[in-house]
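Two complexes follow with subunit A in common, the first pairing it with subunit B and the second with subunit C.
On to the complex of A and B.
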């Protein structure tokens, strides 16, 4: 029996699109692996971790059209749970001597730790999702913001578990650029498969017209909850990938600056599409590197530029303002990469 | 069969629907007419579950669906269109239809064959499947709403002013389309419209509402001659 008997035309189109985006990611990754320097490898790794976050955002925020600002908190939960589970007992005896519930008395295999981190993040997301998916508009956004603040506060003040402002060190560095490449490619396929699934289409219908969707049999709360929990899995994986590469984490990266950065990536690329998520992440990740270079006051064409500290933050704000003002649907709008190719071929 | 028994709806001090009883057989088209503010759309909202009735019973094929939420009623076979279009503009025509088709329960699917593919042809949407709904003409958007409702494999199909904003030719095509539905995929149809010639040509029975209550009910020819209906709504008999 042919493939078309099992999957719809949109789903086949989604497979092609995922494949094209994967090729783009792999090409960038291989370029850096073979021709880049070590610091560039770290930049690409960070970009691909952010891609996981932006894809997680796209799954819920992009398809449901509900602004979520709590994603960095879920990334942090994934990172910390994995770190607590995987860090060797000898190191935890030094870094977490006061840890409750015997958290410093065991160490698990990295894969088991990752699985536990994903499960706990998804469970917490499900609990929060029971509230947040019943809200829409400003209500949902404010609740998600409150959630970010709560989680960050816990990270900062439960120093016996999370070490507060200090670094949580000693996490085995089990991931490299190849790991994040494989995970990113898988994430693209999953995000696109969800977008083209019945749930994804129902969710996008509810984003266009909630009453219209309910009247066509869509259980709006349920599809939102599914997307919210799936999105949280992406965020947990991003947190785990971050911890497993750096070997050290702290609470600071899982807060406002990161929220702002990743939302800007999704808005610039276009939050309705997976292609937008990928494009926005790559453009801002590499664009920011250029801006950071300018910040240092380099000499260009014989002219010494002044130091422009804080330029990267300004540029991020400008990107959001300009995109929202002139093309609120982002660069890709409603168009996925394979649709763009099809138009170009015609 | 759709059955309403003494259904009422009160918004604060306003009695929007007052003890309305109505019966629509599974293979008939029932017209619902009346002046603006008569409670016609409110009644449809009560049947589809977008509003909760204050009292009375709403039954479909003998089962009380009054406690079902809107999406549960749709899955049970209560389909509708809207006075103001509620298509999904960022989805394609095909995806708009898939949204409804994907929610049909297995039981419903077993009971009746899906009319979707034939309906797409009948309502002239076959060559527009890949277009975004926002790219359609107004007339085709109206048709898409009807086909999308049919994708629910409905036991009851409610059309809220389907001919509104259509020209004469489009209205004629709509009448043909509804007659096709009646012949090929019979279900209880409830149609609201202000175009009385359209109503007279598609409906087997008509109920006239005024101030939230039923003013008159019966065959189109009888209702159009009812002095109370003429005084409250028609102004003059409709031929």
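On to the complex of A and C.
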């Protein structure tokens, strides 16, 4: 039996697309490693962590066409679980003196900690997913929003475990720019492979016409649940990568601002494609750096610009409004990168 | 092969079909005729498991009560729904793959797709295009091919000629005829009485959820006058 019977044309096409996107990511990464300054390295690292989040969001929200707003909470769960597991006992004795269940009495290897963090995040996602996948449209979105608020409240008020608004410090710095490059390349391949898998196709069919997909024998709840849990794994990995690089986390970054930022990235790029997720993340990440520069009131071409505090927030809102108004399917629409190249060749 | 005994079909609290008995034997093409609101689509939906029903439906000796759509499809029941309902953002090829959602033999699925592409070269040419860009007739071909991707033993065809130009209609009916010639069992719903009766071995005439008459092609053709008053379609 030839291989082509098992790997469909679309899946092969997906491999080519993933490869092209990976080249783009690696090119940006190498550029900043060899020519960038330290702060630019941090910006690229942060962009790639957000890329993991946006890819995780694409897996569920993009394929199922159900808006999810809880993703930053799952990222937070991944980050905190890994942080609690990996931080040395000596540091936890200072930072978490009152931690229950002996949480401050052990410390694990970073890889074991990461594995536990992914497992716990996926398990929680599965439990919540049993409810969310049975809802459609606005119902699922509202539940996801409630989830974000619940998780954030727990992070804020269980200060004996999560330290709330204060910094959870002393996490060993395990990852560098190379680690996040490898992880994001893997993530692109996984997200694209899922999109072209038979689950991915069934999920996209249910996004087009839920009743129609059911009448074809598609188990809509099941494929949604698979995507939801797989997406949560991406989010957990994003949280872990964040914690393992910065060494310090707090509850604030895993809330509305971050939800809004990453949703804007996905909407701008186009949520139906993996290419859109990558494009949107890169454009907004680097675009925002430019906007932040303008915020400070710099001197451009001899003209002193006024200070424009809050411009980045306004710009994000404008990006969402303009995209929704003029191209609601985002920059890429339905087209993945290799399909675009094929069209040019013709 | 397929037996409906005193079947009542419900859309929420509303009873759309009031106790219908239908029988389809292997290799037969049976047609359900009647005007809008007669309960034809409801009957097909009940067989496929899309709508809820009471009464007995058996398929090859299996009682279908309590079986999910998926399980019914595994037994060999496929629905080509009314209004085509293709997945417009998915490519033509992906639409066909969805038809095979309940199958696990990937090489078989791949060769079946090749088979349909050789049967419908138009679909092959557009295999990577979004299915929403196809014309009405092409979409209907895709709908039928998609339903057959599940390797069914009976095909439930709901108004395949709806909204198509006469010439395209002819092509679709020729396609159904060739399926029948290949031995496919078909339960067809149509408002296009004359063309439907050409294909049918047996027919049921419904109105407002009740059975009006039944019989073979000749019997129903003889009742043509009453049918044209019911359906509003001139039968000459």
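Criterion: the second predicted complex is superposed on the first by the 343 of 346 C-alpha atoms of A that agree within 3 Å, B and C clash if a C-alpha of one lies under 4 Å from a C-alpha of the other, contacts with A are read in each partner's own complex, and residues count from 1 in each chain.
Just so it is clear, a residue touches a chain if its C-beta (ideal position, glycine included) is under 8 Å from a C-beta of that chain, and two chains touch if they have at least 3 such contacts.
Here the structure is a predicted model, which means the values were calculated and not measured.
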{"item": "Simultaneous placement of subunit C and subunit B on subunit A, clash or fit", "value": "clash"}
{"item": "Touched partner set for A:92, first subunit B, second subunit C, both or neither", "value": "neither"}
{"item": "Which superposed partner A:152 touches (first subunit B, second subunit C, both, neither)", "value": "neither"}
{"item": "Subunit B versus subunit C as contact partner of A:163, first or second or both or neither", "value": "neither"}
{"item": "Touched partner set for A:212, first subunit B, second subunit C, both or neither", "value": "both"}
{"item": "First, second, both or neither for A:195, with subunit B first and subunit C second", "value": "neither"}
{"item": "Which of subunit B and subunit C A:224 touches, first, second, both or neither", "value": "neither"}
{"item": "Those residues of subunit A which subunit B touches in one complex and subunit C touches in the other", "value": "8-10, 198, 201-202, 204-205, 207-209, 211-219, 272, 334"}
{"item": "Residue numbers on subunit C that touch subunit A, as the complex places them", "value": "48, 50, 69-70, 73-74, 79, 81, 85, 87-91, 93-95, 97-99, 101-102, 106-107, 110-111, 128, 130, 146, 150"}
{"item": "Contact footprint of subunit A on subunit B as seen in their complex", "value": "48, 50, 69-71, 74-75, 79-80, 82, 86-91, 94-96, 98-100, 102-104, 132, 148-149, 152"}
{"item": "List of subunit A residues in touch with subunit B within their complex", "value": "8-10, 198, 201-202, 204-205, 207-209, 211-220, 272, 334"}
{"item": "Complex contact set, residues of subunit A against subunit C", "value": "1, 4-6, 8-10, 198, 201-202, 204-205, 207-209, 211-219, 272, 334, 339"}
